[in-house]
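Worksheet: the structure to be examined is printed underneath.
To keep things simple, chains are lettered A, B, C, D, E and F as they appear, and every chain counts its residues starting from 1.
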Amino acid sequence: MNALQRLFRFNGGVKPDYHKEPSTHLPIAVAPTPTLLVIPLHQSIGGPPRPLVKAGDGVLKGQRIGDADGNVSSAVHASTSGTVVAVEMRLMPHTSGLSAMCVVIEPDGRDEWVERNPFDFRAATPTATRDYLRDAGVVGLGGAVFPSHLKLNAGKQGKLDTLVLNGAECEPFITCDDVLMRERADRLLKGAAIMREMLAASRVLIGIEDNKPEAIAALEAASAGNIDTTIQVVAVPTRYPAGGAKQLIRVLTGIEVPHGERSTDYGVQCFNVGTAFAIYEAIALGQPLISRIVTVAGNVGQARNYEVLFGTSMRDLVALCAPLPDTDRVIMGGPMMGFRMPSDDVPVVKATNCVLVGSQKLFPQPPPEMPCIRCGECAKACPADLQPFEMYWFSRARIFGKAQEYHLFDCIECGCCAYVCPSRIPLVDYYRFAKSEIWAREVEKDAADLARDRYEFRLLREEREKQEKAAKLAAKTAAGREKAAAALAEAEKPARTPDEEAKHALIAAALERAKAQKEQVHPENTGNLTAEQRAEIVAIEARRAEIREQAKPHLRQDD
Amino acid sequence: MTSYLFIILGAVLVNNVVFVRILGLCPFMGVSKKLETALGMGAATTFVLTMACGASYIIDAWLLIPNQLEYLRTLSFIVTIAAIVQLTELVIQKTSPVLHQVLGIYLPLITTNCAVLGIPLLNVSLRHNFLESLLFGFGSAMGFTLALILFAGIRERLEAADVPVYFRGTAIGMITAGLMSLAFMGFAGLDKFK
Amino acid sequence: MSEPIEIARRESSVLRISVRTAAIMLAFTVVFTAMMAGTYKATEPLVAASALAEKLRLIGEVLPPSYYDNDLMADAITLAPHKLLGLDDDTRLWRARKNGEAVALVLEAAARDGYSGRISLILAVGTDGRLLALRVTSHKETPGLGDYIDPKKDRNKSRPWITQFNSLGFDTVPRDKWRVKKDGGKFDQMAGATISARAVTNASGRALAWATENRDKLFGLAANGRFEDQGVKP
Amino acid sequence: MSAYKEITWNGIWKQNSILAQLLGLCPLLAVSTNLVNAVSLGLATILVMMLSNFAISALRALIPYEIRIPVFILIIAALVTVVDLAFDAFLHDLYLVLGIFIPLIVTNCIVLARVEAFAAKNGLRASTLDGLMMGVGFVWVIALLGAVREFVGQGTIFSGIEMIFPSLSGIQVLPADYPGFLVAILPPGAFFVLGLLIAGRNWLDARANQRLREKRLHDQPPTATPATA
Amino acid sequence: MLEALLVMALGAVVLGAALGYAAVRFRVEGDPLVEKIDAILPQTQCGQCGFPGCKPYAQAIAKGEAEINQCPPGGEEGIHKLADLLGREVKPLSAEHGIEKPKSIALIDEQTCIGCTLCIQACPVDAIVGAAKQMHTVIAKQCTGCELCLPPCPVDCISMEPIPESVESWKWRYPVVRIVPADKAAA
Amino acid sequence: MNNSPYFLKPASVQSVMMRVLLALIPGIAVYVWFFGAAVLVQIALASVTALLAEAAMLKLRGKPVMLFLGDGSALVTAWLIALTFPPIAPWWLTVIGVLAAIVIAKHLYGGLGQNPFNPAMVAFALMIVAYPSLMSQWPAVGFTDFMPQWNAIFGTRQLDAITMATPLDALRTALHTADARATVAGVLGNDATFGNIGGKGWEWVAAGYFIGGIYLLQQRIITWHMPAAFLATLFVISGGFALYDPTRFVGPSFHLFTGGAMLGAFFIITDPVSGCTTPRGKLIFAAGIGLLTWIIRTFGAYPDGIAFAVLLLNIAAPLIDMNTQPPVFGHKRKGGRPS
């Protein structure tokens, strides 16, 4: 069973300095409960959850405070018991520096759990299990925060060849998965066993970069005692980004999952080891996801991993580690892919695997960007086998169509290209810019299509009204038909017999009715208001309030 | 056999219509902004030019020369070409919508491509026979197509370059065409070795 | 509206329109061709006359009228296409006589090895075997580089390059020295444009040799006769 | 702007056949090796453009849409041949200089383009004026191009003028030992100089547009702070 | 002369007939180009381009009667796309037709609104709901920001508000190229 | 403040360009040994002109002058121009060439990194077309007196004493003009000043460039694709024809070691900006240059074909790149199955 696993390789990649040592000396500590928790409602990919509480409500630890909005979404929970002091816009742990709806909880210090019951997933239908996980707020902890219940679906065949657990942790500084594997290997493996069962996977491969011998040893020890022999720990060569899901799948199985396709269609699925642990907690203990392990590293006196409640301010967390005086920024994530936070007063969320404290000395401002000399270094480093300079060339000039032709959306934003570029071009920034522009254009295009439909509809309506008027006029006058025809001819294009005209008007009216039903917004702007319209106006009022609300912080930070 | 090959190669490279004979520049500048359109234009031109060379040879050899009407050459050639272009367009438009999608919008532009008249006239002055005329027409059109797609390839890249603002677009296109014709001067002298 | 009627109407209109466009096209063509042909006919004599004058002017440049007293245009023969002289077409060859004595031949020749193609020449060869003078009638050499072979473009106006051939023959310049200096001959070339000069020099040498060799035959032919000769070795 | 003024302005600048429409490039590049040739071709072009615009404007009502292009071309080619023959017969000295250029005009696509875009839709006077002005637009560009290429290439200006006016002669502007810059006379030089001319036009146009824009901005102050920085 | 006429006449008859025949036989209706152009235009329907809406402008472009740089809401981006589609030269937005502004939507100040319905009649996309003598309101999602409702309002209660950003709609900015410092430092 | 990645590998354009200059030095040293110090004058002249032109253009285009001037790319262009022009070319020839390279070929396209044509080769092609004779006068091997060379550059041109035809030129003239009596052996073998490899002196200069090229390879500034494909193509095609008719076609050793072949193989065709970037594209690009170089050298009007061949392939580079894009991760094999 433990035959030597054949390893494959992916192209590109880089070997930056790892800086992992300092945060692994001490075991995981539990970060103290802060005086105020700010829990953003929107913490995962998908629709923003709807708030279930309002200011003044009391909540228990693990109580659901935000309900998943549809299936592609995930619930959020109170990290401790206390009182909701506000549901309001708060600064998000997001580079934009914008705010979003958060539930602000003042802990009561009792740390009182809601009722917890293990979930018997074997007895439940797969759909029920997935709904349970969605409501338990389990999302991927490897960084992408994709709702895990959606990934726990074996796909077309109903079973998988390989479940990959991602313990590579290839980014410098981050060690949260490392210490998790060291300290909680057995529970992690139980989670893995649950996932294997749910996915009907024939085997589980846990890929760990070979610079983490302790974690490998711990997992091997734990799996030795385990009856589930399908779980295998594999050391993979240390090379960033070996932890990228596609890269790790490639290394472990030789399969390359193309962009835009589901890995389950290739018989593999990949989860972060932390996710496996979270699934264990949710299923076996009935605990929703309310905390995670976060590495605090970088420009601090004592780097360390903490178990942190979501909603804890990063400032409080960093303060535990004796930040050095020249600290000038806080980064969520690692140095290769992390995001600079607008302030250190943003909450830790499910995506926070690391709070990296930075300074000019540690992460100096790169020298000015020079023009790309097409040296091809970036292409050599790109793990997705892209031509980064071509994507850059066209993104820079805002020729997004071309950038897409060079597979912009295959880029995993790993940062290898920018890392090696002799011209110090912030390549990834250009890709992020291009991607978000392309998305925005799609939205704009939809809006334009909507406007076109509505405009055409209005023209049709005006046309019909004109015709109706003409018909009335015709009916009134003695000359009747002749004049009506003349009036119609004026209103419409030439040469239509009155018969056709009438038919046309009928069709138009029918069309309009159908359209009006479809739109559900009744743009009949005459006569008295229907209940529907009243409701519409109320809804609009609410939206307006929201817009104004959103506008305020934005205007503030604009300059 | 090899002499036919040389006619084609000579027309494509050594005496490239655009860079050496300086014919067909307007579509060369006008339809080279995108590779796709350049290919379409090239294909359309190749078809029409080959046809035009054949037709004009027949007119010249069967109608004009026997009747000593050489002075009607330009007139009859160009009218025939215009008609061929228009006919082709109409027929393609109806019979093959796909092909029309590809070539349609370029066909009318071909009438204003002076290579389409220039090459048949050159055929006469070079005393090509029927086959040679066809090959020469085909080769020249391939030369045109080559120039066009090469140019389009560069222009697509140039569009994203940080070209000084007054040079964007056509101006830098001209400079590029100049450098391309400079490069094609490297072929100078090769046609002596056929 | 029913389909068949529609089609039938279209069919009939196809015929009508075809006939109509054909008629209009015909009308335009007839009118404009007539206009053109009319102009052509009307100007034909004038154009022919000016072409003749042009030819005479060229001939005058290589052979001044004082050299002869016969009617050159009448005393001409047709020369069949000739490889050695670089000629692909029938050309005219004029015979100048003074007092009935043959004095010179005026003939056309061409160098095919110019830098950019053919260089056409006209030259007068005296019965004494001397090249009286030589002119380039058409060429495509590079302006500013190779076009000095045309005296109109030669910067040296006082003594254009082409005049160095005047009155030379193989008695003064041996046949193997009838080359440009760069090839070890006697004639100058312009640095940077040897090819043009070489082409003209070599072509003139060949023409001179040929004319001298065939002089008697050529003078012997009846006016407006035709001279065929392919067999001369280089 | 009155209609005629606009036609004039369009021809000379705004819709300039070369600089704006990029039509008629082949004769332009091929014949602008020196000023005298350039102007000669330009003048011949003006003549043909006026004639063809005039003729087609006059006949436009008679030409069915389907065969307009062949008919236009027929008329243009006929006119060009007539002009060519007439020059040869009656103005032979001038023909010696212009003659070789006149047949080239048939293939100048600007003639057909103007006929199609303007003369086929407009009245006689306007069309003739359009032909004239488009021609003038062509002449000044080709003349400039010819002058620059001749000057840079040979250091002279008006060389070859003696062929038209035997009493005049070209001017050696640069010292006689100026080695010349052959590239200017070869095709690459033509492209380079034309590229510079077009850049110059862009510059002038951009300046005009900028002034207009500034005026607009001045007239209407921005309504709100922009949403995107 | 006669031969000339005969030869050309022969050609003319053949070609004329063929062309006439082909023109009728192979006629196709409609102009897909207009649709393609219209798809690029932003559908703000504001009329700044000088045409009564985007579609008429699209038709004018297709016929070659209008420049491609007349639509301020479409902005540079729109011009680029049009140039791309039509193979024309990119030009800066024509200042004659306006300047590019941030995307905004109309907001009716309900305190002032007198319910005259004039704005409703002006809005090309029916984005205003309300009724006579009742307060009106703008459906934000449907407002294109064309400003056509501003002039008719007798009490000037409509204002244009730039659309604020949210975390979801936030876009990464164009990477700022900072190149001055090194030079300044050297100086 | 910048976004991720927050730390970068130490590398810079400047260091790349400086190492290219360094790699040129062995070749230059041999050059000076055989042909005299005139080439150093040319390098200085070209460098000063290039830096001034670059600074002026940067200023005009509103770019930070010192920053971009420091990238060293103008110097690489200048040196390559100086090395491909005749060392005794009059000063103005070099100056115009450099100006054309920097102003037209580089900055009109937006400066470093954006030019589709190799600036140095634009300069060479422009000048050899404009002044074919001046561009073909090279100092005789071993005639290394400095003053006559200096005078040739800056003073009156009394050249006959110090110039001679380069091997390529001599061969071309002989084979093209004379009445088919000349043979390769006749031209090369009989003349004592030409060695049998690439012409006396020339092969050593080429060897100098070769050493520099190896250094560039070792520094990973260039990849093996281009030099290998170029030299191999030139070798195979010249070898094939020399076997076919050794009297009319000269063999590979001559082609590889004469003219600009070695300099071209490692320093010119490898210009990253104007060349192909994909691995397969690089092979095609370089092989194309090799083929065209041989054709132009053998049949064309100009002595050395490298410049034109480079420009011609520069034209084709975008298309070659477009059609040789390496497969993207996951799109290599149908279905992404392991290989």
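Here is the rule we go by: contacts are C-beta pairs under 8 Å (C-beta built on N, C-alpha and C of every residue); 3 or more make two chains touch, one makes a residue touch a chain.
Just so we're clear, the structure is a prediction, and the values are computed from it rather than from any experiment.
Asker: Looking only at C-beta pairs that count as contacts, which pair of chains has more of them, C-E or A-F?
Answerer: Pair with more contacting C-beta pairs, C-E versus A-F: A-F.
Asker: Of the other chains, whose C-alpha centre is the longest way from the centre of subunit A?
Answerer: C
Asker: Using mean C-alpha positions as chain centres, tell me how far subunit A is from subunit E in Å, no decimals.
Answerer: Their C-alpha centroids are separated by 34 Å.
Asker: Hey, how far is the Cα centre of subunit E from the one of subunit F, in Å?
Answerer: Chain centres of subunit E and subunit F, defined by C-alpha means, are spaced 51 Å apart.
Asker: So what's the Cα centroid distance for subunit B and subunit D, whole Å?
Answerer: Result: the chain centres lie 22 Å from each other.
Asker: Counting only residues that touch at least two other chains, what does the list for subunit D look like?
Answerer: Counting only residues that touch two or more other chains, subunit D contributes 64, 66-67, 70, 74, 78, 81, 85, 180, 182-183, 186, 188, 192, 206, 225, 229.
Asker: Multi-chain contacts in subunit F: which residues touch at least two other chains?
Answerer: Within subunit F, the residues that touch at least two other chains are 64, 67, 104, 110-111, 114, 126, 129, 131, 301.
Asker: Would you give the residues of subunit A that are in contact with at least 2 other chains, written as numbers and ranges?
Answerer: 95, 367-368, 371, 399, 426, 429, 432, 555
Asker: For the complex, give me every residue of subunit A touching subunit E.
Answerer: The contact residues of subunit A facing subunit E are 42, 48, 92, 94-96, 98-100, 367-369, 398-399, 426, 429-430, 432-433, 435-437, 439-440, 443-444, 447-452, 454-455, 457-458, 521, 523, 525-529, 533, 536-537, 540-541, 543-544, 547, 550-551, 554-555.
Asker: Could you please specify the touching residues of subunit D with respect to subunit C in the complex?
Answerer: Against subunit C, subunit D makes touches at 33-34, 59, 62-64, 66-67, 70-71, 74-75, 78, 81-82, 85-86, 88-90, 92, 95-96, 153-154, 160, 163, 176, 180, 182, 185-186.
Asker: Which residues of subunit E touch subunit C once you look at their complex with the stated criterion?
Answerer: 1, 4-5, 8-9, 11-21, 23-25
Asker: Give every residue of subunit E touching subunit B within the complex, in rising order.
Answerer: Interface residues on subunit E, with respect to subunit B: 3-4, 7-8, 11-12, 15, 18-19, 22-23, 25-28, 83-84, 87, 89-90.
Asker: Using the touch rule from the top, collect the residues of subunit D that touch subunit B in their complex.
Answerer: 22-27, 29-30, 66-67, 69-70, 73-74, 77-78, 80-81, 85, 103, 106-109, 112-113, 183, 186-192, 194-196, 198-200, 202-203, 206
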